[in-house]
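Once you scroll down, you'll see the structures, which are given as structure tokens.
Note that subunit A is present in both complexes that follow, paired respectively with subunit B and with subunit C.
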Partner chain A sequence: MIEAFLEGLLLVLQWKAFAFMLLGIVLGFWVGLLPGLGGTTTLALMLPFIYAMQPIEGFAFLLGMHAVVATTGDITSVLFGVPGEGTTAATILDGHAMAKKGEAGRALGAVLASSLVGALVGALALALAVPVVRPLVLSFGSPELFMIAIVGLAFIASLSAQGARGMMRGFLAGGLGLMVATIGQDPQAGVARYTFDVLYLWNGIDLVPVLIGIFAIPEIVDLAVRGTSIAGELPKGSLNKGAFEGVKDTFRHFWLTIRCSLIGTFIGIMPGLGGAVSQWMAYGHAAQSARTDEERRGFGQGDVRGVLGPGAANNSKEGGALIPTVAFGVPGSSSMAILLGGFFVLGLVPGPDMLTKHLTVTFSMVWTIVLANVITVLACFLLLNHLAKLTTVRGQLLIPVIVVLIFIGAYTGNNHYGDIIVMLVFGAVGWLMVVGGWPRAPFVLGLVLGKIAENYLYISVARYEAAWLMRPIVLVLIALAVAVICYPLIQSRRSRARAAARHA
Partner chain B sequence: MHNKASLALSAAIMACSGFAVYAASSWPWKAALFPIAIGIPVFCLAAAEVVWSLAGSADTERAMDFAMSDDVPAPIATRRTALTVAWMVGFFAAIALIGFPYAVPLFVFLYLRLQGREGWIFSVLFSAAVWLFFHLVFDRLLHLPFPAGWLF
Partner chain C sequence: MRRAIALIAGFAMFAAVPQGAMAQYEGKTVTIVVGFKTGGGYDRTARILARHLPKYLPGKPSVIVQNMPGANSIIAANHVYSVAKPDGLTIGTFNRNLVLAQLTNVSGVKFDMTRFAWIGSAASESTVLAIRSDLPYKSFEELRKGGKTVVIGATGPGANTYDFPLLLKELLGANLKIVSGYSSSSDIMLALERKEVDARAGSYSSLQSFVERGVVRPIIRARAIEPGIEKLPVDESLAPNPKAKAIMALRSAPEVVGRPFVMTPGTPEPLLKLMREAFAKAIKDPELVAESKKANMDLEYMPADEALKIIREVLSQPKDVVDEFGKYIKFGE
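Let's look at the complex of A and B:
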């Protein structure tokens, strides 16, 4: 185990893997700063470029990029009150309030230092989870793995939107993803399903153009509709001022930072919750740590603890989210679903093999998260003044560059014009989903899990017939899926009853 | 807009899942098991969403996802959305006709000039820079095979 751990470090430090990680960091760095371009979108954009890479290089590139997006996204949130990423919105409450009070440097110092602590806690959790998770994974057969896929889908579908109708849309989106995954030649009977005699469709719909279309096109359209630069005017003066004070704040409230990191890690492990939830829970916990009412009223007005909590949780969730992705092949979020696509592109199958045969690759991911965050935080401290200027790039300059990138990215899926058509079609689907208020994460999860789930279901039915439904772990997982679906509904009904009682 | 988009999407899903189940019913069970197991519940859920949308009930649920900006008047937003789609479809047509290496600088130049109202010199220099990046990274470094267009 320790040998594999150290070997993972040495593999990441090989010049080629390290160079790809640095390239990923540079890309993730800019993407995090720009609100118009999400980390998940960029991950989808860059997926085609790992085809020619070795697994270590591919993951160093993708994870290096993804690990730093939340860190730099916090910078935009603090400076402009505009979330650099969907997962960095909670940082605005106190971070931007601090910036308005002339404490931007301190807020940035705090958010960068807490991000680093969070990333280290998440990576440590991933490393420690390997020996614990391994026996559990090895005891799972096809029926259990199929049910885990269903539970993951139930989690993300029920939690990615509010209310009964929102949940229904989540399940519809997930179901649509599963249905799209059935297009192509069936692996069991060799039937060409929904191909309409089009040869391109025989191999199924490629993941990359779908992901690019569904995530990038709605964001490009939105940027064009707004017709403005991404952010407003830059604040005057040096932002470096007070940055060291923010670092000291992190250590002054060290246990709060650790607790919020653990919250982020735990939520990262749970499929379907993700960063958007963890940042608010961490913020809530930070607010809870206030001892008096007066202290609590300071939250939202520029209390540094309101910056430390979300900052730490945002980065610790990545290590946590990798645990179910690597060990079970169940991604906890859209970005992890795309990363799961990366596994297949690189010829790796998530699951037991990642904890035995490819253990060094798993540990190389841990080291990539650690190294990428350390490098980014150091670079941020050196570049604080210049960073802010990037968010004023005009949308009119950004759009043609992004459009060129997404077309090339989609085309390289199969080097076929059909990929571009697929991207445009799913771009329209993504736009309709966003406009209609549908969550896109369950669709992506359904698409990614479709082939895996079908394979496990077929093996389960062929091997055990209906008896697979009576296996103990399967029963537990069915109960969990039901609970996952019912809990938000019960919770919503309770809060409505409480509100009605208050009005009465 | 919110409800119309949802109605269009759910009606399309309903039609697709109905067709998916119908087509799968003639396949061997090995191939049909999963499409039918998924298609039937998806059809029912889509039908429920269609009824919900047609009933015109207040749609207050919010997805935990990125939301379109609502600070631009609807007619302007619709026109800009249509223009963006037209630019993308135009770019695809240009790729098919003249290939990626020529379509990339042409698209960037035309977008900057016509949509961005940028000056001639800036548009030429920026387009050249994007083409150089495209050529060095995707052609020279990654050796991606870009076929010629239908015209040349």
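Let's look at the complex of A and C:
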């Protein structure tokens, strides 16, 4: 096995494979930066180009591209508050808040370093999972997947403001997200829900226009109203020194970064949960690490931990998502579904053979993820100061560019003007939420988990009736969900008690 | 992408074209509108054709693919039907079940399938029901007589993963329990491997690799034929009465026209003829055949008149059959 592991590395380092990987990286770099144009679509567009390639070259190309998309997508999220990818929206909350405080360099440093850690953890997980992957994936059935969605929703508790009022708002926003997720034809009876006879709404609302609207538009409004640059009126030169600080932050909160990477990997391994989920669960977990009420309030205002969590998770999930794709021929995300098409084109049949006969190919994928991320992160660090300077450009100059990008980005959802309307409507919703002090993260969490929770609950009940509740992993996950909800309450009580003791 | 197409077109050895037709496509761009997102079967078929079609069109135009997803292709079909110009530069490829949407008067349908300028179909998709190999049933008959409920995993109404077993249950009396809500057919496959479900229906091409690995065993199929499943019993042939047979035939008819390709109504006859010929040749192109074989896609050209005949047959069913059909089948993906 060790032999296959090293052989995999040598395969990627052959000049042809390596050159194709670099080409993929360059492509992925831009795809990630541009909002809307997602890694999934690009993979589909690039698929025809691999017909003439050898398996190793083909995967180096596709995976090289895919592996860096989340990394550079984070950059757009941090700098402009515009989600570069559907999977990098969570980075906006604290990353962009830091940019507004003039800490763009530090935020970028943190997001890149944590992305790298995440990618390495994900790749390591892929390598280590090889012997145990089948029993692991098979032990998570529909009831377990439903409970994972519930644990995810429980994170709303830590994504909301403290106190009864804050919690209520958080869960209401989450409920709204769940409701928006039900739009479209339902998969059990085929009934059209909330479609108002509009064809566009039949297949539900696309996530990307919603994310762009709800996060980017309030930021643009804010930038226009302030009339300054993103970083405000800061003394020159304060930006540049931050990047290294961000890297140090990653190691200061190293265990948090590792834990969030593991969350990302785990969600990635579970087929059917999708890439948009992991970042929010990681963000919720990062928010839990706040020890005092004051620290808790700092999340969303530019706490570096809120950058590290999703930064790590959205890269580590790729390694995870490859696991079911390779071992079962069952893709863990929509990008992996397309990659699966690539397997066939390259003449490989995913399945148990990939863990035995073609083990070197599998390991070459691990290495591609590792190398692509190392190269991208290093390249980004070279450009980082220039990127951070964008936050000092006057708003009037920046806004037209961002507006064009988000309109195009939203339109790529379905190539339909409905995408633009959805973006504008949710832009208004997002702006009202910001003004009214309602948290946006729970809404998005409800939206991304709504379909998953609904479908797996239906399947669980239809298949097992009430018996699904007694499955051991389900019980563990129920306990976990309760713990996740109660944790912030206990924490805030403890911190209040501590404060009271200090005053006494 | 466009450059790659031009490159391939450039290398293609193809010359004998009448000068008059040459002008029609020279320097033009042909757009294939796909009614689904990137990455699915319809999209992949359109993209592979876009790569090889230029070789066979006079003047070697660029052929590009535009995805127009939404409402299970109705949006794209409405677009090609009435928004696009009938200038031979727009091709549409949609959900094969659109004809059923028209038949059952789904709201939002603003087209008449018979009036499109039909190019033909690029493949037929055969639906089979495959059961876990470790189950004791060797055939559909054994399953039907087995007595124990067989759990079927499905995506949702309107998809063949749902509709095909539904008719087996309702019309042929198989003891099936359909559990729907899985997000894709590969999700169902995983549920099958962990024994959450016992069987799944789906296109044979999507099941083939699992059949070869011995995970599942196909036991019954719908009308459309593919190599490897000729010997399976056909659902229609087991129907207890003519009405049940008609309903099953209606459900599977669109699968025979599995990848429909059409142009805007009113497209001039000479252009349509050029396009039909180019399609027929492109699908037999050795490079395309090699590529599609690699990608696990089985393309086969069905001429326009054959496709149109099936479409007309579907739309000319008596009202009582259509009403009964509508009770079971809802238009969907």
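In this text, the second predicted complex is superposed on the first by the 275 of 504 C-alpha atoms of A that agree within 3 Å, B and C clash if a C-alpha of one lies under 4 Å from a C-alpha of the other, contacts with A are read in each partner's own complex, and residues count from 1 in each chain.
Heads up, the rule we're going with is that a residue touches a chain if its C-beta (ideal position, glycine included) is under 8 Å from a C-beta of that chain, and two chains touch if they have at least 3 such contacts.
Please read all numbers here as calculations on a predicted model, not as lab measurements.
Asks: Which partner chains sit in contact with A:R463 here, subunit B, subunit C, both or neither? Use first/second/both/neither.
Replies: In the superposed model, A:R463 contacts subunit C only, not subunit B.
Asks: Could you look at A:L199 and tell me whether it touches subunit B, subunit C, both or neither (first, second, both, neither)?
Replies: Touch status of A:L199: second partner only.
Asks: Now for A:F49: first (subunit B), second (subunit C), both, or neither, which partner does it touch?
Replies: After superposing on A, A:F49 lies in contact with both subunit B and subunit C.
Asks: Using the touch definition from the top, say if A:I473 reaches subunit B (first), subunit C (second), both or neither.
Replies: neither
Asks: So in the superposed three-chain picture, is A:G175 touching just subunit B, just subunit C, both, or none of them (first/second/both/neither)?
Replies: In the superposition, A:G175 touches subunit B alone.
Asks: One more residue to check, A:N415. First (subunit B), second (subunit C), both or neither?
Replies: The answer is both, since A:N415 touches subunit B and subunit C.
Asks: Which partner does A:R226 contact after superposing on A: first (subunit B), second (subunit C), both, neither?
Replies: Touch partner of A:R226: subunit B, not subunit C.
Asks: Return first, second, both or neither, reflecting whether A:I258 touches subunit B, subunit C, both chains, or no partner chain.
Replies: Neither partner.
Asks: Using the touch criterion from the header, give the chain among subunit B and subunit C with more contacted residues in subunit A.
Replies: Counted on subunit A, the partner with more touching residues turns out to be B.
Asks: Output check: A:G347 vs subunit B and subunit C. Expected answer is one of first, second, both, neither. What do you get?
Replies: So A:G347 only meets subunit C here.
Asks: If you lay the two complexes on top of each other, which residues of subunit A touch subunit B in one and subunit C in the other?
Replies: Dual-contact residues (subunit A): 49, 186, 188-190, 415, 454, 458.
Asks: Can you list the residues on subunit B that touch subunit A in the complex?
Replies: 1-3, 5-6, 8-10, 13, 16-17, 20, 23-24, 27-28, 30-31, 33-35, 37-39, 41-42, 45-46, 48-49, 52, 59-69, 71-72, 76-77, 80-81, 83-85, 87-89, 91-92, 95-96, 100, 104, 107-108, 111-112, 115-118, 126, 130, 134, 138, 142, 144-146
Asks: Note which residues of subunit C are touching subunit A in the complex, please.
Replies: 1, 4, 37-39, 43-44, 47-48, 51, 66-72, 74-75, 78, 107-108, 151, 155-158, 177, 179-184, 186-187, 189-191, 193-194, 196-197, 209-210, 213, 291, 294-296, 330, 332
Asks: Please output the residues of subunit A touching subunit B within their complex, sorted ascending.
Replies: Listed in rising order, the residues of subunit A that touch subunit B are 38, 49, 52, 86, 159-163, 165-166, 168-172, 175-176, 178-179, 182, 186, 188-191, 193-194, 217-222, 224-227, 276-277, 394, 396-397, 399-401, 403-404, 407-408, 411-412, 415, 417, 420-421, 424, 427, 429, 431-441, 453-454, 457-458, 461.
Asks: What residues of subunit A sit close enough to touch subunit C in their complex?
Replies: Contacts found on subunit A: 40-41, 43-45, 47-49, 51, 137-139, 141-142, 185-190, 197, 199-200, 202-203, 271-272, 324, 328-331, 334, 337-338, 340-341, 344-347, 349, 351, 414-416, 418, 451-452, 454-456, 458-459, 462-463.
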